[in-house]
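Let me begin by presenting the structure, written as structure tokens, before commenting on it.
Order of writing sets the labels: A, B, C and D. Residues in every chain begin at 1.
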């Protein structure tokens, strides 16, 4: 009778959001707020692990950050260290099983780990590790990393992390939490972003923050310090911040989609403003593909900066000709027979009077497969 | 320890959304979709009453439309007639008690009623009706209207509705549903909007729709016919559409805030495009208050069209300098001590690089008390 | 694929539970505990209305008492007066609509009302009241009573209640709450029970309680004072307790099923111990229908006292030969094909070794239609 | 303001319930029903893993069996093999993390495992395994077993299970599920029960069942075949049933509390009727501790059979003098100030008239620490 709408938006979705806090009496509260600012990077599940210096505490659940971390839940996550993770839905996936941070007990003690990225040799390593007697409880690449850490002969954790990461290939921005340390690591190619921030309380007390995007720092009134560098492992402990280069840098391969649509425009990613990038792409498009038209209309929300750029460059007026409905949730179910082919209409509606009889330049963030774009164009044409 | 954030946005919120369907085999499905398009008019509670020609069926609940009307719930609302209502939260209110449509049994039969508006003499009528032995089960003005209908000596329902409405003063756009009729009524001053639409199925079958805003028709692929006129009662039954002028028109007093921020920019309200109005307000502002500045920045989302208008008129570049977080829900609870004075930061974040060192014209939809505007300005200044 | 099990237990279910508190600083907490003790009288919905002397506060919801009245909900029900109601599920019913207590505003002020019983002339009165312009928002008989109270010419509430009740016929044990008074009323035939209790705090402070069954007093450490008499209205206010006989007593017609299975065996109902009644019925059965057998086995839980009585009288050993599964909830859905005809097996399982080869006297609380009894007998025979 | 009641019932609670199904087209439905019959062995969390011959499917959640396994959930657990587990709450425990069955991927393929019991050398093995590079994701002993299986050099799974179990000490009744096999194993001392059953469909098709207690077979209309023997591993596959003695039997140490209060009276445990055991304990008590009294009263529900036995032996009349409230859930929160020391009153209430002035022999299932017993005795004395 009814069917779940697949909001195929033609976009890749490999991104997750991570956020870490060191040295703040309300670490899990801050991690929660950081995740809330990173919610656009994943709405399927979220989790926080905190430490009070003795124990690790964990809560992971399906849903959005705000629903999951009610005050009663946050109260169960004490301590001055915390890491959080928010995850995008992947079809066909054992969802809760794969929620992060994962938390394990091994010969290096209790370790929690939140991972944004994908390993290219995870399947191979999984086979090899299983062969040696390892067991796997999730489907995620991340479990490979913790096994390699546990099996490393290195004498300390930072050595073991380095050992492990030198054996895997692919993209990772990682946060690791122990009883009293926070590690922030980025792969040698720097595929996914990870930024370091600093929060100074009125009393002059300093806490350290790490987050996928700097918009998390803005919400927390924290200061953006710098990117974690490709191939760098930052270890934050009571003795301060230590930078370890666990691997030689490789040719950088920063994920272009971070600037195109993953990240929020108010974030600084790979050291550069996302909004500026998108505006610039719009300007370049206007230079490379000038079109004679009456108005420039963005596909909101992610298409707005590029449309602004296109309009600025081309001197063709910017108009908000498509309206987005933000009330659509993850669970919208199409009542089947009534109206066929809602297509993109549940999300977007053109302003007829504005568009009618006009030559419209429609600017979206990107075209991947183009099926959604085609639907939007058809809707606008009608 | 924690406190609920009051998202005081300096705005009045008297609006609700109503939607009616006549003559469609999936009436409640359509009413649901219509309410979904009107969700911005009220997120506290929603309800639908349907009729299969014999019985009325009702479901009302707290929350957003999409959560409430799961397929299993819609399946309990059969028939080819339906009306729906979505309601804005009013502080201190018995929420579920006052959810609409209200449904009663009286000497005119079973009647359901959804109301957008406020009566000015409701308290007086309530006293008078109680004096005569009426009982009240809700706090809403709407209950006064049904009592007056029930007590009318008129021989038919349309007469009784006319009787009742000629005794009350104030604003109302009303939908009434009986077993086999749908009434759409607008007060003689036309304070709140109400539009008539028409849905023609491929087979040539015609259904009638009524909605607070035309964006509901767009979603349903329906055609906008006209406004219900001030002082008009439209009665839709198997015999067709009948227009009754139950009261002489009074000087029109259309609520200006419908165009300023209540309605969606893609709606036609009071016969005029909302987006056009807002752009025009921006243009007028630019004419009346020209300022020498570098960029025009809207307070999203409702401030965007006015900012576009200002930019077009002033030739000062439009830039999206504030980013809105759409993930904030009704239940966000501020973890108290960590960060003081989130203020507007949970919703809005400036793009530093874009704004820094620039002379910025900040355009919001309106300034009511100005407290929020002041916070936004302070945030942008920082 | 699956179907909801109808737990046809051959029993009539007209009972509800009511509980009232006057003069206790935690009135709604006590009402909650009282309802918890009366949960067996209705598991579909429950509600509490409290008063702090100025305002009435209400919460009603579907479900069991313990789920509904979480501490956060009880905190919204302040004041030293409260009444509560728990309701049995009636098929095909608009459940939440009919949840009680109902709360109205009328010319006698704000009044809340909880009703256990059924009127025999409710439909007739409803027609008559609608004819005079009254509107009905629920399907329950109770709404007739509040209309009659509101329309009474009596100068005070107790007079109006008397007026109203003298016009209706049928069964009612009623609790009414105003800002500062609690009324407890029983119909002239005394069909449903209602008892008065008293709670004395260590400091010597006295609170008054009213409840359907005395087991509510036991839980609250309160003292059972007496039955509300048939045709009596007890008015509890700051001036103390007043007894008003609003109607001449009629021949008593106490519902036999209260003693047979509605009430808890530890309650005193109509001035008599329920357990004693059930044991006595078992003894009488043994006298009137002596059977030569090896063991007496009850159908638990309600059949236990009668079986004990039968065993005592007949000198045949009592054995617990049937075990009841108490984990079955209101929502059990039978996975359809696997096992056909679960019948009573989800609730009851015989102890094979105890029954095999024995002549068994199976004692249930009553046989109404006998279909369930037949299934139990068949199961025991197998 | 309020506090959660700890229903300290003086009882040890190490038991869990397990249930397995082989060769039935609705395996997960049957596992669900089996768990429902075993619900008394654990109400905190439950889980089912099924196999369709290719994939394993899992669902685990907090709560009771009936709530968790809605039809939509069971529909996601296809296949003709399944195992289920229900778990008792242990204070301070990471609840969902430790829900079972656990499901892993290792060099022996995908394996799911449900465990009832406690290992005595788990901590030691955990240390040893971590030392060798194993990681632990739960706190449960069960994870030790899967690690040992994964690290075994044995060529097939049954060999690896034997290897693993010969290295651990303690109590276990285990179910293991692979793509196409079901294993049922009991420790060499036979501490926890595990029974084999058989379900023959009308068409003569045979399915195999395994369950902690035979009451699960009764509900499924299945036939009790025999106990899994101490030190036996039963392997059920398409080739039939195979019995492997993986370890020499040790002196039997069957847990006495299974007969005293863990198991349902209608179950056969360790080859013997639980009800018979309890009655016999009551008889022995009457022989060893004869008391001159007027009535024998059980503490329901688990004390009933022993009280019946005591009454039969002593010829003192059995009376149901304490009534149990079955509506209390896991979440009952005591509204604090109103009534102090609810103690056992929320669960049990004496029938005053029956007990007053009588010499009462109160029979409970057992006395462990005696604190609850003392409270019950005090309540009865009052």
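To be clear about the criterion, a contact is a pair of C-beta atoms (placed from the backbone, for glycine too) under 8 Å apart; a residue touches a chain by one contact, two chains touch by 3 or more.
Keep in mind the model is a prediction, meaning the values are calculated, not measured.
> Taking each chain's centre as the mean of its CA atoms, which one is most distant from chain B?
Taking each chain's C-alpha mean as its centre, the farthest from chain B is D.
> For chain A versus chain D, what separation do you get between their C-alpha means, in angstrom?
The mean C-alpha positions of chain A and chain D differ by 43 Å.
> Go ahead and note the Å separation of the Cα centroids belonging to chain A and chain C.
That pair's centroid distance is 55 Å.
> How far is the middle of chain A from the middle of chain B, if each middle is the mean of its Cα atoms, in Å?
Whole-Å distance between the two chain centres: 35.
> Residues of chain A that touch two or more other chains: which are they?
none
> May I ask you to sort the chain touch graph into line, ring, star, complete or other?
Topology of the interface graph: a ring, with each chain touching two neighbours.
> State the interface residues of chain C toward chain D in the complex, per the touch definition above.
Where chain C meets chain D, its residues are 1-2, 24, 26, 29-30, 32-33, 36-37, 39-40, 43, 64-67, 70-71, 74-75, 215, 218-221, 264-266, 268, 273, 275-276, 301, 304-305, 308, 311-312, 317-320, 323, 325-329, 331-333, 335, 337-339, 342, 345-346, 349-354.
> Which residues of chain C touch chain B in their complex?
Interface residues on chain C, with respect to chain B: 58, 94, 97, 102-107, 126, 130-131, 133-137, 146-147, 150-151.
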